[in-house]
Amino acid sequence: MPYVNIKVTREGVTREQKAALIAGVTELLLQVLGKSPALTHVVIEEVELDNWGLGGLSVTAFREQNR
Amino acid sequence: MPYVNIKVTREGVTREQKAALIAGVTELLLQVLGKSPALTHVVIEEVELDNWGLGGLSVTAFREQNR
Amino acid sequence: MPYVNIKVTREGVTREQKAALIAGVTELLLQVLGKSPALTHVVIEEVELDNWGLGGLSVTAFREQNR
Amino acid sequence: MPYVNIKVTREGVTREQKAALIAGVTELLLQVLGKSPALTHVVIEEVELDNWGLGGLSVTAFREQNR
Amino acid sequence: MPYVNIKVTREGVTREQKAALIAGVTELLLQVLGKSPALTHVVIEEVELDNWGLGGLSVTAFREQNR
Amino acid sequence: MPYVNIKVTREGVTREQKAALIAGVTELLLQVLGKSPALTHVVIEEVELDNWGLGGLSVTAFREQNR
């Protein structure tokens, strides 16, 4: 039953890293709540740096400022 | 008022299929809850196969394993 | 694989209406995209009238204004 | 068309504050993108302190640690 | 703590407009709820016109009909 | 930067289990993607059994049928 949505910035997350996130979250829900992996859905969404804001700035601007 | 978000894997959903999903969900909310179509928003999000996990595997890996 | 999230205002949606929404959306995804009901998750979220805004007003205020 | 979802911790946000958030976001989308208020939906979701995590801790634990 | 998700149609929103949305929402949450900008995350998601439905039609069809 | 949303059925998830989910997801994102825990937000949402559908049935009905 669990549905997990992971939003991260679009910065070249590899297929292997995505697989590790999916496996890790599914295992965590099995260990902590006994949720069946067969019913656990995980969706990873990658967000452009211009489209993610923190501290009132986009990540693009935030990083330029803190270079 | 209803807002409906439909997440499916990115596998060539056609414009006609999207239109059918939008029309169908809007009609369903009108029939079941009397919600006005003019206030019903439907958003379809298509997710890469590597980015959707089920059973601890990405859909890509899940399908390779079950070929 | 589909995950469908339905947000509606919290206004006494009955168990039967929720069941009709779940059945209707699942059937629609089967008919339009051939998605297996066993993999189709539907989540209904009910939102307080003060917490939903339209036209710059909460639904509470919007309705008071249009009584 | 815009749909804005605001998630905040459940800490007694008042009706007036919710109205101010709804009005403010709707005005912002009108000013920046010319979006019609009549088509702008805003949903505010309040999350229990135990249910929001930051720095690996729930907000409850995070605040106890930093008292 | 706030997490704000803004969904708009994919119609050439510029970097500057995104920055203005991020700054505006962050300022609004600071003014209304006293939320620290350093903890305020804003994510902007752009949705294809075929993927957004209103009034039972996709935005593409809706606009063709109302040309 | 990561924002993780975990939706589970409302079935008495304890404070300790929530803390374990938050810690586990934050650690996973640190290990796999090197994401700073201080920027990792996790939100757990608990959904009523009548409000979660699978196989075209609500979880309530699904479990009654499979008792």
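Residue numbering begins at 1 within each chain, and the chains themselves are lettered A, B, C, D, E and F in the order written.
Everything that follows uses one rule, which is that a contact is a pair of C-beta atoms (placed from the backbone, for glycine too) under 8 Å apart; a residue touches a chain by one contact, two chains touch by 3 or more.
What you see is a predicted model; the values in this text were computed from it and never measured.
Undergrad: Out of A-B, E-F or A-C, find the interface that copies D-F, where copy means more than half of the contact pairs are identical.
TA: Most of the D-F contacts reappear at A-B.
Undergrad: Could you compare the number of C-beta pairs in contact for E-F with that for A-F and name the larger?
TA: Spelling it out, more C-beta pairs touch across A-F than across the other pair.
Undergrad: At the place where copies chain C and chain D touch, is the share of residue numbers found on both sides over half (same) or under half (different)?
TA: Different residues, largely: of all residue numbers at this interface, under half are found in both copies.
Undergrad: By mean C-alpha position, what chain is farthest away from chain B?
TA: D
Undergrad: Sort the other chains by how far their Cα centres are from that of chain F and give me the top one.
TA: Relative to chain F, the chain with the farthest C-alpha centre is E.
Undergrad: Taking each chain's centre as the mean of its CA atoms, how far is chain B from chain D in angstrom?
TA: Comparing mean C-alpha positions, chain D is 25 Å from chain B.
Undergrad: With chain centres defined as C-alpha means, what is the inter-centre distance between chain D and chain E in Å?
TA: Centre separation, chain D to chain E: 14 Å.
Undergrad: Between chain A and chain D, what distance separates the C-alpha centroids? Give it in angstrom.
TA: It comes to 20 Å between the two C-alpha centres.
Undergrad: So which stretches of chain A touch two or more other chains?
TA: Only 1, 3, 7, 21, 25, 41, 43, 52, 54 qualify.
Undergrad: If two chains touch, include that pair; go through all of them.
TA: Chain pairs that touch: A-B, A-C, A-E, A-F, B-C, B-D, B-E, C-D, C-F, D-E, D-F, E-F.
Undergrad: Considering the complex alone, what residue numbers of chain A touch chain F?
TA: 1-9, 13, 17, 20-21, 24-25, 28-29, 31-33, 35, 39, 52, 54, 59
Undergrad: Which stretch or stretches of chain B touch chain D in the complex?
TA: Touch list, chain B to chain D: 1, 3, 41, 43.
Undergrad: Going by the contact rule set out above, which residues of chain B touch chain E in the complex?
TA: My answer: residues 15, 18-19, 21-23, 25-27, 37-38, 40-46.
Undergrad: For the complex, give me every residue of chain F touching chain C.
TA: 7, 47, 50-58, 60-61
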